[in-house]
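Each of the next two complexes has chain A plus one more chain, namely chain B in the first and chain C in the second.
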Partner chain A sequence: MTALPITTTGLGKRFGRTWALRDCTFEVPEHSLCALVGGNGAGKTTLLRMLAGLSRPTTGELEVAGRRPADDPAFLADVGFLAQEIPLYRRWTAEDHLAFGAHLNPRWDGAATRDRLRRVNIPLERRIEALSGGMRAQVALALALGKRPRVLLLDEPVAALDPLARRDFLGTLTAAVADEDLTVLLSSHLLADLERVCDHLVLLSAGHLHLCADIEEIVAAHKVLTAPARETAALERDHHVIHVDRTPRQVSVLARMGIGPIEDGWHVEDVGLEEIVLAYLGRTESREVASR
Partner chain B sequence: MTWVLWRQHRTQVAVLGAILAVFAVLMAITGNQMAHDYEAIRHCGDCRGFGLTRSYNLPRTVVNLSVGVPVLLGVFLGAAMMAREVEQATNVLAWTQSVTRRRWLATKLGTVLLITVAIAGGMAALVTWWSRTMNSLQDYRFEALQFDIQNLSPVAYSLFAVALGFAAAAILRRMLPAVGVTVGGFFAVRLFIELSVRPHYAATRHATFALFAPTVRPRGAWMVGTKLLDGNGDVVRGPLRMPAACRAAVDRLSADQCVSKLGYKVVSSFHPADRYWPFQWIEAGIFVALAALLVAVGAMVVLRRDA
Partner chain C sequence: MIVFRLNPSSGVPPYLQLAQQVRQALSAGVLVPGDQLPTVREVVSQVAVNPNTVFKSYRELEREGLVQGRPGAGTFVLRRPDGPPPGTHARLAKGLARWVDTARTAGMSDSAIEALVRTTLDRGEAVA
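Then we have the complex of A and B:
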């Protein structure tokens, strides 16, 4: 059996006196396209950079593609990373970057990479500084995919792209996941995009892990319950209440359903991923405000 | 990795190579001309040198300006090599390919230091060759400025400057502060060694002269300093005040004679010409050792610190 693409146990990272990430334990299953969501400063970048071996954890353990991050060619060959800044050599052409990838990666797939860039109409002979943001992101993604990693980590790669460039980018990504032995962890704020392309979700908020599960399971497990104004105590006993919205006339509860029964009188409805994520993110914020 | 480094540094190499080539042409033309002119006048006695040095003032100034080459290399090769990568985050790109950070750094440092030795060595060879006429005329190559731009020392300074630029950029991670530290640090260390350490590589020799006799500079020596001693052998500090015994002197000449008779004398301290090469080796050794230390510190920071 091959090792899981990503496993972490009690992972934490402290910068100075503040914890950017704390006590983070999760697994990402094989061949998944996993979304990493969370507000600004939730610890997404910190997590991705530790997984990529660029920074060291303060506490805990992690394994990517069955190996602990290390300055070791075998680990590096298995893990691809695309940083938020989409770093490329500005004065080089895309063609130069292809040669760069070919020289630095033993499993480099030049033909497929060239093909990928041609399909999205990237001029290979033009300097990077003369390309649009979307084109740069495509070059960087092609470079990351070209080394044929087992795990690809992407830090908000579509944040700066227009809808069309975003569609092309995610199209390239999903095609690659379908064709190859690849697992992707992708952070983004664009929940609609993520819901469309991803099958797994990791949710961070304020440096803590809140959810890590299959998206279909998450959606199936969460419901919105509404009723004319009434108490929620009984509900909270049997189910995991995430968010309560109370008006004088009505109370609306978003909850992860437990095994217990639901009292009569609640109107149960399905809920979309976006609403679920917002409920989780909003919850920690209001908690923080309350604790101050 | 070699291809990557070539692609990355080829512009720098081309620019530096072009500057070196232009300099080489200038040196070849004026150097040969000067040697030729020198042949024509070398037997005319006292006239030697004066006309020659004056008519080659411009190329000589250019040659002397090569004292700034090390710090330029420190900025454009040393500081730029790390700071530009970190500022554009391309180090993150390089460190997530299948090549270890250690190998990336070793190859990069090796390449940059090799370029440094090539450029600085070429420059020093040209300057040394060009200066051969001046050297045989006046033999000032042991004196401060000439010592710094001929033979080994400029190459060692360049290695030091590049290592300093690299370490500063590795620690500070930004171009401008790294450049500031490179320039400031380089001049501070260079001046300190030149003024306070180099004179003590060996004990100076001394030559004693009568008070009003001309002091003679031994050929090819480095004159470190002169001091005035009174009749008891104590150093006279500040301006010479007329000793009591000579206050009665009626005119300047008799006063001079009176003071001389009291035993006042001038002592010059110098390093003789045959110490030139030992001093070059010591100086180069110190700066190469400093460079090695800085490279080690910078490399440790790059390898240990989170990207």
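Then we have the complex of A and C:
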């Protein structure tokens, strides 16, 4: 049995007196495409940088591809990381980058990398500075995949891309997951893309982990309950209430359903992933306001 | 080979959309028994969905007995879905358009035509 691609225990990171991430324990299953979502400053980049071995945790433990970044030089061969700003040399061509990648990486797969770039019509002989943003992102992704990592970490790779370039990028990524022994953790604000492409979700808000589960299970476990204005205390006993919207006449609750019964009078409806994520993100804000 | 597309706003789960597009291609004769369905890799690079979505839709078609997965080889069409052969729909539509024309010429309103169709369907038996 191989180790899980990503496991963390009590992971935390403090910058000065501020905790960017606290008490974060989760695991990502083998071969999944896992979405990492959260508001700005929720701790996504902090988490990704620690998983990539670029930053040391203040507390807790982490393992990626069965290795701890701090004490294992082989770690880097198994983990790919694509930072937000797409790190490429502007005056080099894609071909130059391929030669460089072959030189640096023991498991480099030049044929597959070339093939990936050819499929999306990237001119290999042109300088990076002459390529569109979408093409640059494809080059960076192909390079990250070319080292054949077991785990690939992507920090908002599609944020700056137009819809077509985004679909091409995600197409290359999903095809790589279909082909290889690869697990991906991908942060983004584009929930519609994530719902389509990912099968697992990690949700951070204000430095805390709120959800880590299979997306289908998350969607199945959450419901919206509506009723004429009434108290929610009874509901909160058996179910995990995430968000409550009240008007003088009506109350609407988004909840993660427990095993207990639902009292009569609630109208229960299914709810999409986007609404669930928004409810979690909104909840943290209101909690912070309440505690001030 | 068939081209898949996904409508994110349809509310129909993506795996069912893919399965439905295969069924349509089978009904229309675009795919015939023995044909290979696109590989999971081909579908995901085309429409950018999770590979499991494609597996799930192919499994659904397999359950219906329309296709068969052969390990290491791919997924192949076994048979057409039940229903009239390709071309039937187009032929009947043409006949119906002619009939509607006749009915309108005879002075029937659209709601009267709808009512007549409804009554005929409800009678539940062939008209001699």
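Rule of thumb we're sticking to: the second predicted complex is superposed on the first by the 288 of 292 C-alpha atoms of A that agree within 3 Å, B and C clash if a C-alpha of one lies under 4 Å from a C-alpha of the other, contacts with A are read in each partner's own complex, and residues count from 1 in each chain.
Simple rule for what comes next: a residue touches a chain if its C-beta (ideal position, glycine included) is under 8 Å from a C-beta of that chain, and two chains touch if they have at least 3 such contacts.
Predicted model, so just to flag it, every value in this text is computed and none were measured.
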item	value
First (chain B), second (chain C), both or neither touched by A:96	first
First (chain B), second (chain C), both or neither touched by A:245	neither
Partner touching more residues of chain A, whether chain B or chain C	B
Partner chain(s) touched by A:263 [first = chain B, second = chain C, both, neither]	neither
Contacts of A:33 with chain B and chain C, given as first, second, both or neither	second
First (chain B), second (chain C), both or neither touched by A:199	second
Partner chain in contact with A:77 - chain B first, chain C second, else both or neither	first
Contacts of A:85 with chain B and chain C, given as first, second, both or neither	first
Touching partner for A:61 - first (chain B), second (chain C), both, neither	neither
Intersection of chain A interface sets (partners chain B, chain C)	none
Chain A - residues contacting chain B, complex	49, 52-56, 71-73, 76-77, 79-81, 83, 85, 87-92, 96, 99-101, 103-107, 143-144, 147
Touch list for chain C against partner chain A, complex	6, 8, 14, 40-41, 44-54
List of chain B residues in touch with chain A within their complex	1, 3-4, 7-8, 11, 88-90, 92-102, 303, 306-307
Parts of chain A lying in touch with chain C, wherever the complex brings them together	33, 119, 167-168, 170-175, 177-179, 192-193, 196-199
